[in-house]
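So, here's a batch of structures to check.
Next come two complexes built around subunit A: one with subunit B, the other with subunit C.
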Partner chain A sequence: MSPYKNQVGQSIPKVDVREKVTGRAAYIADLSRPGMLHGAVLQSPYAHARIKGYDTSKALAVPGVRCVLTGADFTEHFMGAFIKDEGPIAIGKVRYVGEPVAVVAADDERTARRAARLIEVEYEELPAVLTPEEALAPGAPLVHEDLASYVKVFDAKFEGNAFSCTDLSEGDVDKAFAECDVVVEGTYETQAQYHLSLEPCGALAEVDANGRVHLWSANQSVFRVQANVCESLGLPMSKLHSMTPKVGAGFGNKMEAHIQPLVVALALKVQRPVKMILSREEDFEMVRARHPFKIRIRTGARKDGTLLAREVETLLDGGAYADDSPGVLGYSLLMARGPYTIPNTRCFGRVVYTNKMRFGAFRGFGNGQVAFAGEQQIDEIAHRLGIDPLEMRLRNAMRIEEPWFGGQQVNSNGLAECLEKVREKSGWGRRARPSRPGVKVGYGVAACAHISGLLATSAIVRMLEDGSFVLSTGATDIGQGSDTVLTQICADALKVTVDNVVCATPDTDGSPYNWGTTASRVTYTTGRAVAGAAEDVGRQIKEAAAKMLNCPVGDVELRDGGFIGVKGSNTTLPYAAVAGFTHWASGGPIVGSKSLIYDAPTIDPRRAVAIGLPFTRIGVFSFNALVVEVEIDEVTGKATVARAWSAVDVGKAINPRLVEGQIEGGIVQGLGFALTEEMVWDGGRLANPTLMDYKAPGAVDVPYEINSIIVEHPEPDGPFGAKGVGEISLVSVPAAVANAIFDAAGVRLHKLPMTPERVLTAMLGAD
Partner chain B sequence: MRGDEGMTTVALRINGVEHSVAADGRRTLLEVLRDELGLTGAKRGCNQGVCGACTVLLDGRPVRACLSLAAACAGHEITTVEGLTEGNELTPVQQAFVEHGAVQCGFCTPGMVLTATALLKENPKPNVAEVRTALSGNLCRCSGYRKIVDAVVAAGGAR
Partner chain C sequence: MTLFLEPRTVAEAVACFRDHPEARCMSGGATLVAMMNAGLADPPAVVSLRRIAELVGIAPAADGWTKIGGMTPHRVTAAETRLAGGQAIVRLAAGRIANPPVRNMGTIGGSISFSDPAADYPAALVAADAEIEVVGSGGGRRIAAQDFFVDWYTTALEPGEIVVAVHLPPAPRAAAAYEKLVKTEGDMGIATVAAVVEMDRGACSDLRVAVGACGPHPVRLRESESDLIGGRLDADAVARLASRLAEALDPVDDVRASSDYRRKVVPRMVARAIATARARAEGEQ
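This part shows the complex of A and B:
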């Protein structure tokens, strides 16, 4: 037997990788139940219209159609993570093109889709608001007339179509600007980005003889699915059993509800299993996307480069439903100062209803948008003052002991090391710009921080009869590898190898509560719960062993490989013996657990003022610095990233290869955001809801040379020191690319994506 | 499929086994594989021939099952991810995907593995550029491609 190695810190293959390479992994579309029907949805053709009536007779007459539901079949129950403004289907009026208006269940998918198109709906069109500016105009039509009466889970500031307004400030901004030697000011715009989880959303529901609903769906949280379905259909939570198959990626789009409530409603109505899988177009048109931001920002510094003040104002398009928007707004403002010492900062933002699909959580959660603006201004100031942009960031980097904007204590901070690492690895100091004929080359840098944390989580570890373990957390692995990482944490804490621990599939009946796979939180928050539960089990193992060995508990210890040893002696007991003893003789089976909620306050009222902030306890901080080398084709204006170096302070890499996977994947999704991806509306209609017309990066569009650099400044209460890595690497990308474009071509882009046309236009304008 | 006229029976040879399946003029190979034969390794990512998640091999060459009409595949040897190995074995490509961390959500993986398998048959030791080109029609939203490219290069043994 090879000697036992610590399980944490090893690049162990993912626990589900064999299932996935062999094609046996079952995703929602691969599931099937006896007697199962297939669902299809009819979508609204109008951006804003009153529904006058339905005629479902033609659809019901199609052979094989078993059930049709319209808004008339639902009573008013509302869901929403922050503001309860959304039903399971359009009721009374439609608020965006593509909104579900009716659903069908039929014997097969083709029949269901054909029948859905035969449902007739009478509409009375209403004037629509398609941009935040239109929505804010005096006398603009209201997207939600009843906003004031909706249940809100925080102290929301709202007015008209603006459903959440947030103010944050620290220091004396006006006085500080007056003391600045250089002030830069600008407006920036970012686009709607589509998550493009390769697996489209879907769900399968089945009702048992007791009326209990069993639901499988593509999700990032079985518990959020349970909450959303029950809130929007008025069901008690005990009636809904939410489970997960394998999930074909998330990035935010599967955190809150998509079509789960509709599928459950169909199953309840027909009393047969119903599955519905969205087409790619439907997934584009009716799930959610990244918020378009408009940002006005001003930053000031002294001659020596010391940053003194920043002021930020943002306007977000929220789409037709609030979804995660208040959170995205509040979080983006908390991040808008960047990871720098800027003692005087003032941020104000609004998110506004429009007659478009909802915008919601997407990897970065608003941070990438504000970084695109703020990180360009750091560069502009450096340029104006003749300071190297990387040096400028090092000089202003938050000191280790310094609190975050708002006053929260930061307990680990590897920002300076991240900056130094990318400087060294990219050869920043001796970077050449070997511009070839027709090609301009430039380097850009950007830095950011991002949190991991938020809300509640729990873990249960059970010892089986043979001394192996089952770990339950309720955390959905969306592909990033959390099942593997949590298994490693549990195994290491119990000094066994990962093959002695199995990670149970999330299931609201069997798993303890987990808010979800979001906010880069699973490794940090759930990992803490797992470490705590494993420690609880370890304590019980020692107690049982002490009883078996007739010695004080203080004399026994866990030993590598799954043994109990008596301190100072060679006497050992295998875990199997302890498990047998507790199962069959004394004490009872060992079950350990740990529950926690992230509760360190974000705002210190002695330092900062916060109004309308929905999250008041956000999490711990990871840090990132990114350098990119960009080539611009002078004829077409096309900017390509040739190489990238990204250093991320993750506290401790539980599984370094999975950490690299997160960094690489985040950078490439960030490159799509920076350079090519854009959802475009033609009036109220999404004009490019297909992968042909929406250009996401393929293997040849992105650099092969993405250098992931892991930096480890341990988080004191993180599991083995770990903190999050899921989102952070995306955040810096648009800004770093924009800074490299400036370095190459001397032009500043204020609008994403930085398409060839925009780059070329800027270059021509500059000549 | 109910409610469709013009159903005919087509003989398809899939993973070395003959299947007789019902297909009208519109029925795609992807529908037959997934809905009729329970071979769900091929995924429906777009149904428009763009994402590559539905890739299968037709006489050893990668094709998009969502664009291939089932009736047109008669007389050809079809290989899906399920047909690559027997039992619990892995092919060298699959093994390299495991070892290089080339899998995240896994939704693109069957298509990637099949495309890579076809490439290595034609070009047993591809370099990075050749692998990137060969995989350019298979979208992956999770990995950033780096580890997939490394896995395929390693499976070919070149560097």
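This part shows the complex of A and C:
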């Protein structure tokens, strides 16, 4: 037998790798139930219109159609993570093109889709607001007339179509700007980005003989699914059993509800299982997307490069429903200072309803947008002052003992090491590949921090009769490998190998609560609960063993490979013996658990003023520095990232290969955000809801070298020191690419994506 | 239900269309099947050319012309080294079409019959001075590439006619360059430029430049080209041709780029395509 090795820190293959490689893994579209019907949705053709009536007779006359539901079949129940403003379907009026207005269940999908098109809806078109500026104009039509009466989970500041307004400030900004030797100011604009999970959203619901609903869906949290379905349909939570199949990626799109409430409503109505899978176009048009931002920002420094002041104002297009918008707004302001010591910072932002699809959570959660603006200004100041941009960041990097903007204590900070690592590995300053005829080459750097944390989580570890373990957390593995990481944490804490621990599939009946796979939080937050539950089990194992060995509990210890040993002796007991003892003789089966909620306050009122901030306890900080090498085709203006070096302080890499996977994936998605991806509206209608017309980078477009560099500054209360890595590597990408474009071509781009057209136009303008 | 027909010969295929005038012709299926799946086409009958062996393959003729069978997949055309000299423009364009699955499925006859102006073959075939051989119930005929691409998704094909081959004239001493500007690799071009250049002791002896993806059909200006024949292809002369080409375009604003940008970038792409083709031509002399 090979000697036991610590399970944490090993690049163990994903625990579900075999079923995925062999194609046996079942995603929502693969599931089927006896007698199952198929759902289809009718979408609104108008951006804003009153619904005058429905005629479903033609749809119901189609052979094979079992049920049609419209807004008239629903009573008003509202869901929403921050503001409860959204029903399961349009009721009374439609608020965006593509919004569900009716659903059909039929014997097969083709029939359901055909029938949906036969539903007649009478509309009275209303004037629409398609941009935040239109929505804020005096006398603008209101997207939600009842905003004031909606339930809100925080002290929201709202007015007209602006449904959340947030202020966050520290220091004396006006005084500090007066003391600056150099001040840069600019406005920046970012676009809507589509999440592009390879798997579109879908759900399957079945009602059992007792009237209880069993629901499978593409999700990032079985518990958020349960909450949203029950809130929007007025069901008690005990009536809904929410489960997960394998999930084909989630980037924020599957955290809050998509079509689960509609599928449950159909199943309840027809009393047969109903499955609905969105087409790619529907997934584009009715799920959610990244917020377009408009950012006005000003940054000032002394001539020695010391940053003194920053002022930021953001305006977000929130779309037709609040969804996660207040959180994205607040978080973007919290991140807008960047990971620097800037003693005087003032941020203000608004998010506004418009008659477009809702915008919500997306990997980065507003951070990438403000970093695109703020990190270009750091560069601009460095260039004005003749300071190397990377050196400028090192000089101003938050010191380890310094709190974050707002006052939260930061307990681990590897920013300086990240910057030093990318400087060294990229050969920064050596210009390894100079410009050549037709191609301008440039290097850019950007840095950021991102949180991992938020809200409640829990874990249960049970010892089975043979001494192996079952771990339950309720955290959905969305493909990133959290089941593997949590298994490693549990196994290591119990000194067994991962094959002695099985990670149970999330299920609201059987799993303890987990808020969700979001906010880069599973490794850090759920990992803490797993480590705590495993520790609880370890304690109980020792107690039982002490009883078996007739010795004080203080004399026994856990030993590598799944044994209890008596300190100072060779006497050991295998876990199996302890498990047998507890199951059959004394004490009862061992069950360990841990529940926690992230509780360090974000705002220290002695340092900062926060108004309308929708969260009070956000999380711990990971850090990142990124260098990119950009090539610009001088003929066309097309910018390509040839190489990238990304260093991320993850506290401790539980599974280094999976950490690298997250860094690489974030960079690729960030490159799409930076260079090619853009949802375009033609009036109220999304003009490019297909992968033919919406272009994300493919295998040929990504850099031929992405160097992922793991930096480990342990988080004191993280599991084995770990903190999150799910989002952070995306955040710096647009800014680093913009800075590299400036380095190559001497032009600053203030608008994403940085298409060949925008780059060439800027270059020709600069000549 | 859609009737699916699989003729074994060209004559049988022609008969299928005589019997089913509303039928759609399917070659590789890369586009038609996608359109049917999207509900954009619902033909009562589909005539597949896949089993017609005589339509597949590339064959040089004794007179220097090269024949590309209508059912030849892009992958085969992209790898055909006998497409050399000026004929190489078709090989270069084939290699930039979409992605490997599409290059395996799609065929030259199917692609040009669809006549998407943003596709890769139209500009390349116009620059190659290709002739399109078609057969219908009235017999066969050859159509110059320039006359074949009529408008957006519209060709000179009469109802019931199918493309059986593309014929490329000899240009052994010329060289080619293909410029394709894309948002992401494999996408439709924002603009494409196909250039064929022949040099004779420092003087241009043949020049053919076609611009694609900037209007309803490829744009080529033979008269402006002829102004450069006999000259040294100096930068000013090339710039004059390039700007005339840009003026002749009829580009649209779409999700890929604006019409302004297309007019701005095309002359720059033309200049590079000519320079690249010239360098290749002179390198091969």
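One rule holds for everything that comes next: the second predicted complex is superposed on the first by the 765 of 767 C-alpha atoms of A that agree within 3 Å, B and C clash if a C-alpha of one lies under 4 Å from a C-alpha of the other, contacts with A are read in each partner's own complex, and residues count from 1 in each chain.
Operating definition for what follows: a contact is a pair of C-beta atoms (placed from the backbone, for glycine too) under 8 Å apart; a residue touches a chain by one contact, two chains touch by 3 or more.
None of these values were measured; they are calculated from a predicted model.
Trainee: Quick check on the superposed pair: does A:G698 touch subunit B, subunit C, both, or neither? Answer first, second, both or neither.
Mentor: Both partners.
Trainee: Just checking: does A:A687 make contact with subunit B only, subunit C only, both, or neither of them? Give me first, second, both or neither.
Mentor: second
Trainee: Tell me which partner A:K246 touches in the superposition: subunit B (first), subunit C (second), both or neither.
Mentor: First partner only.
Trainee: Does subunit C touch more residues of subunit A than subunit B does, or is it the other way round?
Mentor: B
Trainee: Pick one for A:I478: touches subunit B only (first), subunit C only (second), both, or neither.
Mentor: First partner only, subunit B.
Trainee: Counting only touches as set out at the top, which of subunit B and subunit C does A:L196 meet: first, second, both, neither?
Mentor: After superposing on A, A:L196 lies in contact with subunit B but is clear of subunit C.
Trainee: Should A:I667 be classified as contacting the first partner (subunit B), the second (subunit C), both, or neither?
Mentor: Only subunit B is touched by A:I667; subunit C is not.
Trainee: For A:E757, is the partner it touches subunit B (first), subunit C (second), both, or none of the two (neither)?
Mentor: Touch status of A:E757: second partner only.
Trainee: Just to be sure I follow: which residues of subunit A are touched by subunit B in one complex and then by subunit C in the other one?
Mentor: 692, 696, 698, 700
Trainee: Taking the touch rule as given, give the residues of subunit C at its contact with subunit A in the complex, in rising order.
Mentor: Against subunit A, subunit C makes touches at 99, 179, 181, 183-188, 190, 255-258, 261, 264-265, 268-269, 271-272.
Trainee: What residues on subunit B touch subunit A, complex-wise?
Mentor: Per the touch definition, subunit B meets subunit A at residues 1-4, 34-35, 40-48, 50-51, 53, 80-82, 84-85, 88, 90, 94, 97-99, 101, 103-110, 113, 128, 131-133, 135-149.
Trainee: Quick one: in the complex, what on subunit A touches subunit B?
Mentor: Going through subunit A, the ones touching subunit B are 11, 13-14, 16-27, 29-30, 62-64, 107-108, 110-111, 114, 195-200, 246-249, 251, 277, 279-280, 478-481, 657-658, 660-661, 663-669, 690-692, 696, 698-700, 702, 704, 706.
Trainee: Can you name the residues of subunit A that touch subunit C in the complex?
Mentor: Where subunit A meets subunit C, its residues are 438, 635-638, 676, 678, 680, 687-688, 692-698, 700-701, 755-757, 760-761, 764.
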